[in-house]
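Each chain carries a letter (A, B, C and D) given by its place in the written order, and its residues are counted from 1.
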C-alpha cells in the first residue's frame, strides 16, 4: 500500500533498533510512502541492533549520533543535508531510556545522576535536535517533527518510574520549541502518545505483561500496534496536517478517554 | 470539630434526600461551621426523603422547588433572602437524575425526550439557579457556588449512560456562567468531581459495586467519603478560596491522575 | 493534488451550505481523494444555500434531512446505502446553530426553549446520526466519524454564548458513543476543534472580527483555513488513522497550547 | 482573622525571601492559623533576604538548606523533627530559578549546563525533599505537601523560557511521588498554579509588566495576590482537604479556563 504521501520528502529517523522498534516500522512506512531517509541511533545501539537490514531495505545511510552530544548532532545534520542535497522535511524522535529502571532503582530511591542522564537522553535530546536544526537552518518551511511519548506523562503508572517525568519534560519541550519554530518557519512539533507495544524498550518495564493486557482491555479498539503507529506518523509528516502543532496526540485505541470498560469491571469482580 | 469557617454566611443547599446524600452531609458540616441554611429539593424528593430530620438538626427551613421551574426558583430565592434578611453567600447544587437509566434504556437506545429531561434537571438547572440569582441580584459579592459532578464528564464509564453527557454540560455551564458572574460581582462557580459514593442516586447505576471497588483500588488514598466531600466543600464556601473559579476540582483520592495501580494490575493477572 | 487516500470509500457530509462552509471544502477534498459522497443538510439550508453546485462538482446526490428527525435520518441512511450499494465508511458532522445568539439573547438571559433547540441541533444530532447508523448497521467496520467543534468547549469565549455548552455536550457524546461503537465494530468517532473561520455561521458571532484577529495573533502558525481543515479531515477518514478514537483534536495553528504570544503582549502595551 | 485551621500542625516552609515572596505570606498565614514552622532557604538567599524578620514574627527557627544537597536536606529534616518534637504535617515548596533567564539566554540557545541546574533546583528538588522525608519517615499520616507552579507548564508563555519545562517536570514529580506517598502513608502532594505576582522572582522575567496586565485582563476575578495564595494554601494544609492529591490546582481568578475576555478583545481592536 502506498499513497505517495511523502513523495520527495526527506526525513531523519532517530531510534530504530530492531524489527520490534516503533521507529523501524515508521521508517519502513515513510520509505514506502516515497520519502528519502537518514537513519540514526547511538553508536552502542547501532552495534547491538540490526539497523543495516533496515538501511538496505530503505536505501538509507546510517549516521551514528549520540543525542547528548552537540557535535554529533551537528555532524548528523550536516551530513544529512549533504546527502539529501537540501533541507529536511521531517524528523522522528523515538528515544528513551530510564537508567534507574535498568539499574533496578525504585522511584522513591532514584539515583539523581541516573535521573539526569535519563532526562538528558529522553527529553532534552529533543531540544538539542531542534536547536541544532535551528542554528543551521536545516529544516524546510513547514517541516514536521514528531516525538513518541506515553500517557504516563499525564497519569501515574507506578512501574514507569522516572521515565514518566522524562516524558512530561519531553512534551513541554515540544510545546516550547514548537512555539518558537512555528513563529519562525512554520515548523510544527508534536508528540504521539502511543499504546504500550512489545518493543525491546517496553519489555524492560516490570509487570509489563499484566500491564499490556490491562491496556488492551481498557481500549475500545485494543492497543495500537507498531504498524498503526507508523501509519499515523505518516499523516503527521505529510502536507495534510500543516496546521497541527504543539499537540500531544493520543494514538491508543481510545485508552486515554476511557474511564473503565465492562471487560475490566468483570475482571475486578472475580 | 468546628473552625467557624462559615460564621455569618448564608447558603442554599439543593439535593439533600437522606443521610446517604452528599448534600445532607455538606449541609451538616456547613451548619457546624456556623452557616445559616435554606434546604431545598423537588417536591417529590421531599416527600420520599427524610429532610425534616436535617431541617431540625440544622435549624433550617425547607423550601420546595422544582429546578426546572423558573417560578419555583424565583420563589425560593425570594423566600431565602427574606428568611436570611439579606443576600446569599453560597449555593450547593447536588442534583442529577438519568431518566434513561431509570427506565432501563441503554446509551445506544436513548429516548430523546428522557435525555432532554435529564439535561434539564441535571445541568441546565444550574443555569436557571444562577440566572434567577443574577436577575434578583440575590448573591453577595464574592459568593461561592459549587456543583457536584463526576469524572465521567471527561472519560467514559459505560454504565453511566447519558449522565456523562449531562455532567459535561454542567461543567461547561459552570465555566460559562462563572465567567459572567465573576466579572460582574466576583462570584465564583466551580464543580467538585467526587469519588463514587454509595448514595441513593449512585446505587441506581448498573454494576455499581464492581465499579466502586475498582475506583477504590485505583485511588492511592481510596475513595473519598461523604464526610470528606463535605469538608472540602466547606473550604470552597469559605473566604479562603476567593480566587478559585471556573474550575473542575477532583476530590477523589488521586483517582483522576492515576493510570493504573499495582492493586489493579494484580487483579488483572488473576 | 490527490493521493487517492479515500479511494473506494463512501461518505456522508452534513452541513455544506456555501463555498465558505468548512463542510463544502471537506466534501471537495474528499471527492478529490477518491471518495463517493452523499450531501445532506436541513431542507431550509438546502433552499438558502448553493449546494447544487457542489453536488454537480462532486457528482453526489443531495438528500435533505432534518437532524432532529429520526425519520429523516433513517431515510437518509437507507437512501445512502442504496445509492452506494453498500455500507458507509465515513461521516462528517458539521452542524451548529445557536438560536439564542440569532435572537440576540445574552448568555445570562437565555430562552430555555431556544437552548433546548440549540442542543438538539448542534449536539444531540450526533447521537441521532450514530444511533440511526447503529440500528441499521449502516457503517462498515473501522468507519470514521468526525464532528467539528470549537475550543469554547474548554475555555470561555464570552460571545460564543450557549454554543460553548452545546460543543461540550457534542464532545461528550463523541466519547460516549465512540466507546460503544468502537467496542462493537471498531468505528472511531472524534471531534476536530478548528480555528475560527469566516463562514456564514461564524460571521453571526458578535465581535467576530476582533476575535479572529486575536486568534490569528495567538496562533504560532496563524489560523487554520477551510482548506487546511479539509486536508486534516481527509487523514482522519483514511485508513492511516484507524486507532485514533474518542479524541478532541485541535486543528488551530497552535492556539490551544499557547498562553500568550509576543504579538499579543505588544498589543496589550499600547 | 484566624480560624485555627492549622492548630497543632508543624510545617516546613521553603523559599521565603522577602515580603514580596509568596512563601513569606504563606508562612505568616500558617502561623496565624496556629501552625508551628521551620523556615528554610538556600544559604545565599538567606544572606540576601530579610528572613530574620519573618523568623521573629512567626517565632520560627531558620535552618539553611541547599535543596540540591541530600546532606543539607537530611539535616533540615532531622533538626526540624527535633525542634517540633515529632513528625511534620505540611511542607511548602516555593522554589524556582531559571539560570538561563538570568544569564540572558533565549530558549532557542539554552546552555544545557544551566538547564540542568534549573531543573535540579526548581523541580528535582521536590523529589529530593519528599525522598528525604520518606527515608526518615518524617511526615505524619495524612501530611500535605504543596509546590507552587505556573500555567506555563501547560501552555507556552514565550518569555518564561526553560522554567516552563521545569514546572512541567515539577508537576509530574508531584503526581509520581504523590502516588507512592499516598499509598504508603496517605500523604497528599499537589501543586498550586498561581497567577503571576510581582515577586522578586517574577520581576526577573522580560516583559513582565505587559504580561501581568494581560493576565489581569484575562482573569474574570483579576490576578490572585500573595494574600489570596496564602489563604488557599492554608486550606490545602488543613484537615479539610485530606482526599485531594496528585492535582494541579489553578489559583488564578479564572485565567486558566478563559479563552478571551471582552477587555482583551477591546484592546486588540485598538
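Keep this in mind: contacts are C-beta pairs under 8 Å (C-beta built on N, C-alpha and C of every residue); 3 or more make two chains touch, one makes a residue touch a chain.
Note that the coordinates shown come from a computational prediction; the quantities given were computed from them, not determined experimentally.
J.: Could you tell me which chains make contact with chain B and chain C both?
T.: A, D
J.: Any idea whether B-D or A-D has more C-beta pairs in contact?
T.: It is B-D, judged by the count of C-beta pairs in contact.
J.: Quick check for the class: compute each chain's Cα centroid; which one is farthest from the centroid of chain A?
T.: Between chain A and every other chain, the largest centroid distance is to B.
J.: Could you state the distance in Å from the CA-based centre of chain C to that of chain D?
T.: Each chain reduced to its C-alpha mean, chain C and chain D end up 42 Å apart.
J.: With chain centres taken as the means of their Cα atoms, state the distance from chain A to chain D in Å.
T.: Each chain's C-alpha centroid was found; their separation is 32 Å.
J.: Return the residues of chain A touching two or more other chains; collapse runs of consecutive numbers into ranges.
T.: Touching at least two other chains: 155-156, 158, 175, 178-179, 246, 256-258, 261.
J.: What part of chain A is in contact with chain B in the complex they form?
T.: Per the touch definition, chain A meets chain B at residues 151-152, 154-159, 207, 210-211, 213-214, 217, 256-262, 264-270.
J.: Within the complex, which stretch of chain D touches chain B?
T.: Those residues of chain D that touch chain B are 3-5, 175, 178-179, 182-183, 186, 188, 195, 220-221, 224, 228, 231-232, 234-235, 238-247, 249-254, 256-258, 261.
J.: Can you check the complex and tell me which residues of chain D touch chain A?
T.: 107-110, 112, 115-116, 119-120, 124, 127-128, 131, 134, 153, 155-156, 158, 162, 164-165, 167-169, 171-173, 175-180, 246
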